[in-house]
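Next up, some structures in structure tokens.
Here chain A shows up in two complexes: once beside chain B, once beside chain C.
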Partner chain A sequence: MTEIIQKVKNLSIGFKSKKGEEILILRNISTNIKKGETVGIVGESGSGKSTLALAMMGYVKHGLFTIGGECEFNSSNLLKMKNRDLEKIRGRKIAMIPQNAGQALTPNLKIGYQIDEALQLHSDLKEEEREQKISELLNKVRLPSPETIALRYPHELSGGQQQRVAVAMALAGTPDLLLLDEPTTGLDVTTQAHVLELLNFIAKDTGTSMVYVSHDLGAIAQVSDRIIVMYSGEIVLEGPSRDILKKPIHPYTYGLLKSIPKLSLAGLPQSMPGSQPQPGTMHRGCSFFDRCDFSEEKCKNNSPQLEYLEELNTSVRCFNHKSLMNDSQVNQTVNKIKTSLQDKEILNLSEVSISYAKQKLLDQVLNRISDENPTVKDININIKKGETIALVGESGSGKSTILKSIAGLLRTKGGIIKFDRNRNLSSDLKERDPNDLRIIQLIFQNPDESLNPNHTVEEIIAQPLKLYFGLKGEQLKKNIIDLLQKVRLGEFYTSRYPRQLSGGEKQRVAVARAFAAKPDIILCDEVTSALDVSVQAAVLNLLQQLKEDFGTTYIFVSHDLAVVRAISDRVAVLYQGRLCEVGPSKDVYQFPSHPYTEVLLGAVLEPDPDIKPKLVAEDIVEEKPPQKGCSFQGRCSRILGDICKNEVPPWQITNSGNSIRCHIPLKELQKDQIN
Partner chain B sequence: MKLDNIYQEEKKSNFAKVSEIIITMASRPSGFIGLSILIFHVILAFISPYIAPYDFKAINPTLMLQAPSAEYWFGTDDLGRDVFTRTILGGRTALTITFFGSLIALLWGGLLGIFCGLVGGKTDDIVMRIVDAFLSIPWILAMLLIVSLLGTSTEVLIPALGFFYGKGIVRVARAATHDVIAKDFIVSARARGHSNFSIIWNEIIPNVRDAILVEGAMRWSWMLLGFSSLSFLGFGVSPPTPDWGLMISNARGLMSFAYWSVIAPIVGLSSLIIGINLTADAFAKALGIDRSTKAPV
Partner chain C sequence: MLFLIIKRILLGLITLFIVSLITFVGTEILPGDACTTYLERQAFGEQLEACYRRLGLNVPAYERYMSWAVNAIQGDFGYSLSGEMPIKEVLGPRIKNSLVLASAAIFIGIPIALILGIVTALWRDKLPDVAISTVTIFAMTIPEFISATLLILIIAIWLEWLPGIVIVPTDVSFLELLPNIILPVIAIAMIMTAHMARMVRSSVIQVMASEYVQMAILKGVPYWKMVFKHVLPNALLPAINVVALTIAWLLGGVVVTEVVFNYPGLGRLVIESISNRDLPTVQALAIILASIYVSINLLADLMTLMLNPRLKTLQIRK
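And now, the complex of A and B:
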């Protein structure tokens, strides 16, 4: 039996409410971390996963306190230790890698200096040895030319590089246990895949135990040996990673796996009803009772205990796990999306280019925008009525920029945006008439920011109704309630403020506000990326239902290829503000692909230990699009030579009507990619 | 899941909101003390004409510089006037003028700040440079100039003080607006095509109101000190109207042998300023608590 390095025993952490009640965030958690294993802690926001990870290094957030139990490391309880003793353990024995490395690094100190600081604190090396160790560490996290990186400041590095530096700093004290709190959540898909691969390598190479906290089952699946699933402050399922992902015997995990969109499945995954109970609202019975498909009468009043199953080496908190065990696998069923595609063109972008360059004085006087190499260039898309078209790409690909220009929030440099074949939409908001503004509505990524915190739901939805239709009194009220019902919210929501709603409810209100204008086109900017997985599926299903009812056209921006696969009819892949590939979604997800699409598809993380990401290209970040030639030349692994650097590639059309912009002939692309 | 019952929260009336804030303020010791002092002064300002034991302008040379006694609680001044009478009456003018002055400061400073924050660009640049230019003029010199040109009437003092104390509020309101302006709900309102007026009124003001009100409350206490300084220099309230600044100025030469004639107005003035400051602090905290209702998960 392998050595246990961290032992969590009956741990409960909570806070005192204003009324003086104890409200539990973590309820009676017990688990062990063994030497050399990687444990993934997965759960939705508010499930207590970060609180647990922090407790493992003896830290309890301000406002929270330990109610009972202990965290034992090297047979001493971290939660009772004095700060001075904790200092000796933190960094040296237990290290933490934060979510946002950009904020965790001091902005005005050089990278090398910061790593040296960690070395001085956590090791006994002499000066010359430390010098060597710094480049050794930077090499280990695979940063190119460590000598130059060490002399840079954090802001001179990309997000992925910053995260690597954070890993290097954590490794400086050669810790026995590494805690990672959502280390890849803020990164681009390709970077994320690379960082995860690095973490896997480090775990094997150094034999460090890792605790990986994430909401993303896809990322967890790639790194962990064992998975702990948390729900509402409790462990509901704990066991070997493969078993949990292939044969989940807890209804929550089962539902969660079913609600994740996958690349291999076209169509919308089923959603889980309801939401996680807030801390302090728990009554008797199982905390998952309200959302469970397998619940029985006894689940209502008796809370199940965590039961250890010898034969599976798994602990589960459910009365009905046996019946789930027979249900051998997650049979994901999807709701096929219906397309009411009409042959009528609704929006046409031709030769659109957009520039963020600052205007020179002469240009300002002449009221023109001049930039030889604009951020977004040569965008030609025809959008048909009733279609869902997705714009896909990493950050900096210009997808949101294009959306802003369609909405009139950002002036274009050139090109024409035409509505309904004959109406030119000005790219300046002030020049559009109210009807032009009404037909295009926006839904934003983060409903916390898109809803005014000081307005009630009623006031929020009333705004477009008053502005566009001049509704008042009874009629206004009736319309608001109608809209709320359409987004599956009850009438009593009208008097609530956004802070009283859950993330999914807020996004529904935002959807209702967009539909209040009776728009023809809705621009969705990453609408599900701020939501939990189980809620994401529900919002996607709602959007699809509304689209079928109203015949609205969606322009859907996302970085998540699986979500895009689930909802869209057509996909446009963008790199550095230039189109790479446009086509029906079923064809874009098949070969031959543009080399960039291939990279993106390879990097998608699926919650399946058998599907490993394929890392095709380097995850370099390019600041600016190239002056001439193909936009992807800097990262392409299939680059042909000078032709790619000098000439803009032609559009090639596949048999199924998929357009790919590449110099490589389609046949060769297909041959290479399938191998 | 009956979260509904927990969140079932009726929309509160404005009165309920205000009283809730006041109760929160009074539940902290510092807020309670501040509020008590402020309320005491306001009530005193209203009732003092009716409870004053003597005539505030009755000069009696035989009673010059009497020490405090049962008859004259705070003693008498160099003209034989009762110091207690003059002290309880002395805050009325200052309180009234500075209260309305702060309102004017809040109004023009707040609105201009919000407008600049929203519009941005060249308009913002130009307006803010003008505000900066005014900020660099020592206010007391400018006030002396205005007062000596236009006189010391209330109609001159209120707008003049309001103008000079509003400049700082412009900056605060503009900064607060900048915090909300980048949020998506403003972008969303713009994209829908709301007018600037509608965006300011519906979207921005509810979100910056608190910050501006707190700033305004702070300005009130500063303005009180400023106004008393003017009186002290002889450019505020004109004699024989009782005023703390004026009383301190008159009696400062007698401090060594008739301390009572100067201590009473000093205590009056400083307690009011402390009261307003503590209240403003508690007000800010009460609003801050109201905003962070999220559980610390």
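And now, the complex of A and C:
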């Protein structure tokens, strides 16, 4: 048997409520981390997974305290250790790679110093040796020109580079155990795939044990040997990662896997009803009881114990796992999308370009924008009524920028945005009349920020109704309640404030507000990326239902290609503010033809250990689109030569109506990808 | 960077120009002028005309503004009406006195404020924090005329340790002034220190809760090293601007305290010259106080720019 390096025994962590009750965030957790293995801890927000990871370093956040149990490392309990002794373990024996490296690097200290600090603390190297070691570490995490990177401040690096610095910093102390708290969550798909590949390499190379905490089963599937599934502060399932992903024998894991959109399946995933209970509201019985499809009477009053099944090497907390065992192939039953496409054009963007460049004084006076190489250029899209079109691309691809210009929030530099074939929408918001404003509504990424915290749900939804339709009194009230019912919220929500709602509920209110204006077009800016997976599926289903009811057109922006696959009819792929490929989603996803589309799709992480991401291109960050030629020339692995550098590629149209902008002839593009 | 400094200085000068215009126009609009005030009931006929001619008030307003502005740039603000002496000479000792008071308050108050703020933040919700926070909130809420009066009552009248009010001439030497300023300094420093300590406390707490501090702890950085390297530089950066505003306030805005202690500083001069309708002095004071605010704010902004790597590199890139 391999050596155990971290032993968590009956760990409970919680806080004192205002009434003085103890409220548990972690309930009686026991698990072991073995030498050299990678353990994935997965769960939705609020499941206690980060608290558990921090406890493994003997760290408990301000306001929380240990109620019972221990975290044993080298046969001493970290939670009872003095700070002085902990300082010798942290960074040297156990190191952390944080979620958001951009925030986790001290802003006033240079990269080199921050790594050097770890070396000073945890090694006996002399100054010159340390300098060499810093270069070595930065090289190991594949950062270009380590000497110059070391002299930079954190804000001068891109997100992916910052994350690599955090990895280098953690490796400085040559730890035995690495804790990773959502290390790739804020990154672009391609960067994420590269960072994960690096982590896998490091795990093999150094033999370090890793604990990988994430809400993303796709990422977990790529790295872990063993998976722990957490739900409301408890371990509900623990076992070898392949078994858990292929044959989940706990209803929560089963539902979670079903609610994840997959690239290989068109249509919407099934949603899980309800939400995770808040800490302190747990009653007797199983905490998953309300949301479970397999629950029985006894689940209501008796809480199941974690049961170890020898034959599967798996622990499960469910009375009914046996019935799930026989039937738990995750067959995603998918609600097929009914396309309500009509052959009528509703919005037309022609030759739209947008510039973020600062205007010169003369241009400001003449009220014009002169920028030879604007952020977004040559956007021609024709959107049909009832269509869901998705704009995809990495950060900086201009997808949100285009959305803002359609909404009128950002002035275009040139081009025409035409509504309903004949109405030109002014690029200046002030020149749009109220009806122009009504027909286009926005739903934002983060409902916490887009809902006024001082307004009740009623006031939030009433605003568009009053503004556009002048409704008052009884009629207003009736309309609000109708809208709330449409988004599956009851009447009693009217008097609540946003802070009293869960993330999913808030986003539903935002959806209701958008529909209150009876718009023709709704712009959705990453509407599900702030939500948990199970909630995401429910919101996607709701959006689809509303679209079928009202015949609304959606313009959907997302970085999550699987979500886009699930909901959209057509996809437009953007790189550096230029269109690369536009086509029906089934064709774009099945025959990824543009080299960039191929890169994007290759980097998607599926919750399946057998599907590995394909890393086609380097994850370089380009600051500005190239002056001439193809926008993707800097990263393209199939670059032809001077033609790509000098000439803007032509549009090529495939038989299925897929337009690709590339110099490589269609036949060759398709031939290579089929192989 | 240089371009930015020049731009900020130009903006400051424009601000000063606008302030001077506003005060000039303001004094023009007010009914009555220097001559009617000076001559009181005799302000009519020959005598008034003569006075106008003597003070140069008979030329159009813009010409008077121009000549005033040209002289003011050279440091000549004209004559004070009440004392019939050059305003330069009136201002000189007052500025010195205000500087003495302000620097004493700064040298005592700011270090104490920083220490209290940091201590309360680091021992948040523990005994030192609760005790100090109670005191600072208390000190913050008592208006300065009450605390000043109480100080006089207790220390000057009951204990008879220090003089209660300043009755020395305006232009005494520093050593003679010293015992007189102790009570005013305490009164001012109390409020100022309390405000700043609260500010520093919340700023440090905010940084302590940041992810990079958590990261430093998890990296195994010893506590005090973490405080000095990772916390304080980031937490005290926003304090620079508050300190700057406090200094400007100390130089011209501590009117109440100066009046209570009869302290001959700039603040009291403002009140005096307004009630004497000594308009040239009011104008001069407005310009001087405005320049103090503008230049100290400019300095504070430049310091923030130098110390914050984020702003520094951004500027260079542009």
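By our rule, the second predicted complex is superposed on the first by the 673 of 675 C-alpha atoms of A that agree within 3 Å, B and C clash if a C-alpha of one lies under 4 Å from a C-alpha of the other, contacts with A are read in each partner's own complex, and residues count from 1 in each chain.
Assume a contact is a pair of C-beta atoms (placed from the backbone, for glycine too) under 8 Å apart; a residue touches a chain by one contact, two chains touch by 3 or more.
Predicted model, so just to flag it, every value in this text is computed and none were measured.
Visitor: After the chain A overlay, clash or fit between chain B and chain C?
Guide: clash
Visitor: Looking at A:A118 after the superposition, I want to know if it touches chain B, chain C, both of them or none. Which is it: first, second, both, neither?
Guide: Only chain C is touched by A:A118; chain B is not.
Visitor: Between chain B (first) and chain C (second), which does A:N100 come into contact with in this model arrangement: first, second, both, or neither?
Guide: Second partner only, chain C.
Visitor: A:P453 in the overlay: touching chain B, chain C, both, or neither? Say first, second, both or neither.
Guide: first
Visitor: In the overlay, work out which of chain B or chain C sits against more residues of chain A.
Guide: Of chain B and chain C, more residues of chain A lie in contact with B.
Visitor: So in the superposed three-chain picture, is A:Y153 touching just chain B, just chain C, both, or none of them (first/second/both/neither)?
Guide: second
Visitor: Based on the superposed arrangement, let me know which partner A:L429 touches: chain B (first), chain C (second), both, or neither?
Guide: first
Visitor: In the superposed arrangement, which partner chain does A:N108 touch: chain B (first), chain C (second), both, or neither?
Guide: Second partner only.
Visitor: Considering only the touch criterion stated at the top, classify A:G40 as touching first (chain B), second (chain C), both, or neither.
Guide: In the superposition, A:G40 touches no partner, neither chain B nor chain C.
Visitor: Chain C clashes with which stretch of chain B: 1-9, 235-243 or 271-279?
Guide: Of the stretches 1-9, 235-243 or 271-279 of chain B, only 271-279 runs into chain C after superposition.
Visitor: Across the two complexes, find the residues of chain A that touch chain B and also touch chain C.
Guide: Residues 62, which sit in both footprints.
Visitor: Looking at the complex, which residues from chain A come into contact with chain B?
Guide: That would be residues 15, 23, 25, 46, 48, 51, 61-64, 274-275, 277-281, 290-291, 407-409, 429, 432, 434, 437-438, 440-442, 444-446, 449-456, 459, 463-464, 467-468, 490, 492, 495-496, 499-500, 513, 517 of chain A.
Visitor: Of all residues in chain A, which touch chain C in the complex?
Guide: Residues 54, 57, 59, 62, 83-84, 86-92, 95-96, 98-100, 103-109, 117-118, 121-122, 153, 155-156, 166, 169, 173.
Visitor: Applying the document's contact rule, which stretches of chain C touch chain A when the two form their complex?
Guide: So the residues of chain C touching chain A come out as 209-223, 229-230, 233-234, 307-310, 313.
Visitor: Quick check on the complex: what are the chain B residues that touch chain A?
Guide: 1, 3-4, 6-11, 183-185, 187-194, 198, 202-203, 206-207, 293-297
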